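First the structure, which I've put down as structure tokens, then a few questions once you've had a look.
Labels A, B and C are assigned to the chains in the order they are written; within every chain, residues are numbered from 1.
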């Protein structure tokens, strides 16, 4: 038998049987939605509606409805794109990297975090799409035989890499997430009372019956997908960072961008996971599943990623000074003291100073404080992308081409719409699919439970080794 | 009970000969071929520091993540950190070679170069020496504190030592990361004082961490061969294999990213670095570097069975240990020898010497205390499962 | 084809694993085991060989890598050799990101599809459950009872040594 240190604690707050786990998670989907859920959905759909209207207007009138100009040709949209892609990275970190690191506590949070990944990547995808101006021609970004030569896409362009990376990321995340859902959908199917539920979950669960021969292969595939998703998650934000770093603009061309963007993505993603889960665990009464220990551990990951981000900021500033290159030096002085200094200092405050609170154990275990910190980090990480993108462009080599950028109401409405889409989809997910991975939680129920504890809760343990061999 | 470890006399003799060869080549080299000996000393010191710091980061990360699997091999990592004081002594000697190594240390050269003047606040011999001293003090004090707590726990088994070490580890990771970032820029990047890359520190640290893991793996394999398979189990070997695989990929990821971005932007100030290193024989060595640090360990460690084979794991680890030396060689030497890599007896002597010094120090440290931290509350998770 | 099965229902994984190992060692043919989650160590107890899917995954991944490399070099360097930004036609560094992405994409999707094919999982498939609770909180060990040599009584006795909750016969349909 696996032995656990006496310092280990079980994953769940209170001991549960297998049936308890099924009931706790499934009843959330089987009872009628609460008023609060309807209210939240209504708000989210309104925001989505505002955004959709703004997008429709922009498509009709053109990109001129945005505040872009000749110097600042990329601003709000790409900021949002990077922001949302970054959010997604926490889901893959939890589902793949923590799986490879054999962290059993991930089972309580991986399902919702992966759903968040998918939704966030979908939100991200909107921005480059609408920036194309004619989004119905999006397939021009893919290499397909055409009557223009055929003229192929330029595979040396980071934008083409990006298109393929985001597509791969979304697909692999979807496969990974759905694979994890299949056993749980079968559980929902087998306890469904209404015909519709049985039918729908029956189709979606692929005829799953818990056969160990299938589980055996399933485990192998899960491990393989985790092993593929781990370098994938690094590569995605690396490629996103290369949209900027392959250029020669001071403030964009920095070789540290790839690991720095990845760390930032995990940092912001964990902040969003905490924002969502702190609310969800309360409303859906999942405090026994997503415990204070979970929040503590997520804070520690966030602190680690945040420290890497902070060190990267420092390296960038130091090397800009060290380079003795007047343009590099100016780019960073302009960030800190120029017209966008407010954004820069918001970023530094939220991403560098605020997370220092998380060094203290009792603060990490203070749910309200962690919630506030997570929101501040979300704000800070959005600002980071804004600072990198806009301040580097608005004043580059030639003062004659300097200009200022201000988002228009249309751009702000589109960002609002993206949040609307994000929350609408997340609320629907929470209603129709199991919010916590039922089968995975069952697999770690025995973790660090003492034998006597286990036997008192319907999961009896017997001295197997003493059973006589037949 | 845990047996005490004694370095077998045959191994001790081999290590002693290796150290003697290394020392002899260094002393003779400093007079006969100073242009090669000083850079070789720099490579050696950086290499040894990397092995010690890599092990230190390994221990600290295990504490911070409350890991159980690795407790059984922690003493080996602790033994690796005992190389840090040796490296510090080497760094003191290195200070006498500053003028031979670093262009910015010549005030006559700096006077005629506006870029170097701009950096002279940072890059000047006094401040340089003070910084290096500070780095070593921080590394040695913090790693010793962790090792001492772990040792104390052997006697009383108090979990309080674990929580103290978690705090020490947090301090070690934060201050160690900041200082080693600066140290890599000071020791290595300033060899070409006009060139800069923000990735440089991370790329070089990932190599150090990888080599630290490889050194721990070699020690585990040697101890298993000496009959300690009960303590250092297949599972430990397997997990070390996974870590080496992961960080080997991480190393190549940073290597490719830095190369790709500089190649792509094609800014003359930056590409000079690669122009030298990717031409002629240096170019061949750069390819070998990627092969040794990534391709060989990656392909060798990919199949499940190979991570449980002592021979395969030792081979992969040796590939990384040689590869990391080559990596440093390619970073350091071209600043002086642009046209052709100077590979000869001085370099082979130095490499033999550092391996012997490292393993000598590690085995000596292993003999001083119990081979596993017997008082650690997480040790039970690192031991064989009972029952089956 | 319908099969005669003798099934034992268990309430915890420890008894299930022990019973599975014991029945296999006693020579009873194990049809399958059903569990609500992937029970650790059960595959060894059943005597399942390590899956060959890692090799499938590796093959798909290599195929993806080669496909991407071929596509990029053919389209970008041979079929339409366009000079972009003075980059050489043979731009291996710039081709690496897409090669990596397609390696992961085709490796991952190919492996998942292989799983669905070899395990015969597809949308809308009608499930066959030996006990309605196997997706909730019960474990089922199903022995193949069709063989001439199968001694149902002795098998049942064996199962009872491992705290089996119920034993019954069943037809797979």
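Methods note: a contact is a pair of C-beta atoms (placed from the backbone, for glycine too) under 8 Å apart; a residue touches a chain by one contact, two chains touch by 3 or more.
Just so we're clear, the structure is a prediction, and the values are computed from it rather than from any experiment.
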Taking each chain's centre as the mean of its CA atoms, which one is farthest from the centre of chain B? C
Please state whether A-B or B-C has more C-beta contact pairs across its interface. A-B
Between chain C and chain A, distance of the C-alpha-averaged centres to the nearest whole Å: 28
Calculate how many whole Å lie between the centre of chain A and the centre of chain B, each centre taken as the average of the chain's C-alpha atoms. 34
Need the CA-centroid distance for the pair chain B / chain C, whole Å please. 41
Multi-chain contacts in chain B: which residues touch at least two other chains? 260, 264
Where in chain C do residues touch at least two different other chains? 50, 54, 87, 94
Hunt down the residues of chain A that sit against at least two other chains at once, touch-wise. 231, 238, 242, 464
Parts of chain A lying in touch with chain C, wherever the complex brings them together: 17-19, 22, 143, 149-158, 160-161, 164-165, 167-168, 171-172, 175-176, 179, 182-183, 186-187, 189-191, 202-221, 224-225, 228-229, 231-232, 235, 238-239, 242, 439-440, 442-443, 446, 458-462, 464, 467-470
The chain B residues in contact with chain A across the complex are 64-66, 68-69, 114-115, 118-119, 122, 159, 162, 170, 174, 177-178, 181, 185, 196-202, 242, 246, 249, 253-254, 257-258, 260-262, 264-265, 267, 269, 377-381, 383, 385-388
For the complex, give me every residue of chain B touching chain C. 256, 259-260, 263-264, 266, 302, 304
Listed in rising order, the residues of chain C that touch chain A in the complex are 11-15, 17-18, 22, 25-26, 32-40, 42-43, 46, 48, 50-51, 53-54, 57, 61, 71-72, 75-76, 79-80, 82, 84-85, 87, 91, 94-95, 97-98, 100-102, 104-105, 107-109, 111-112, 115-116, 118-130, 132-137, 158, 161-163
Under the definition above, what is the set of chain C residues touching chain B in their complex? 50, 54, 58, 86-87, 93-94, 96
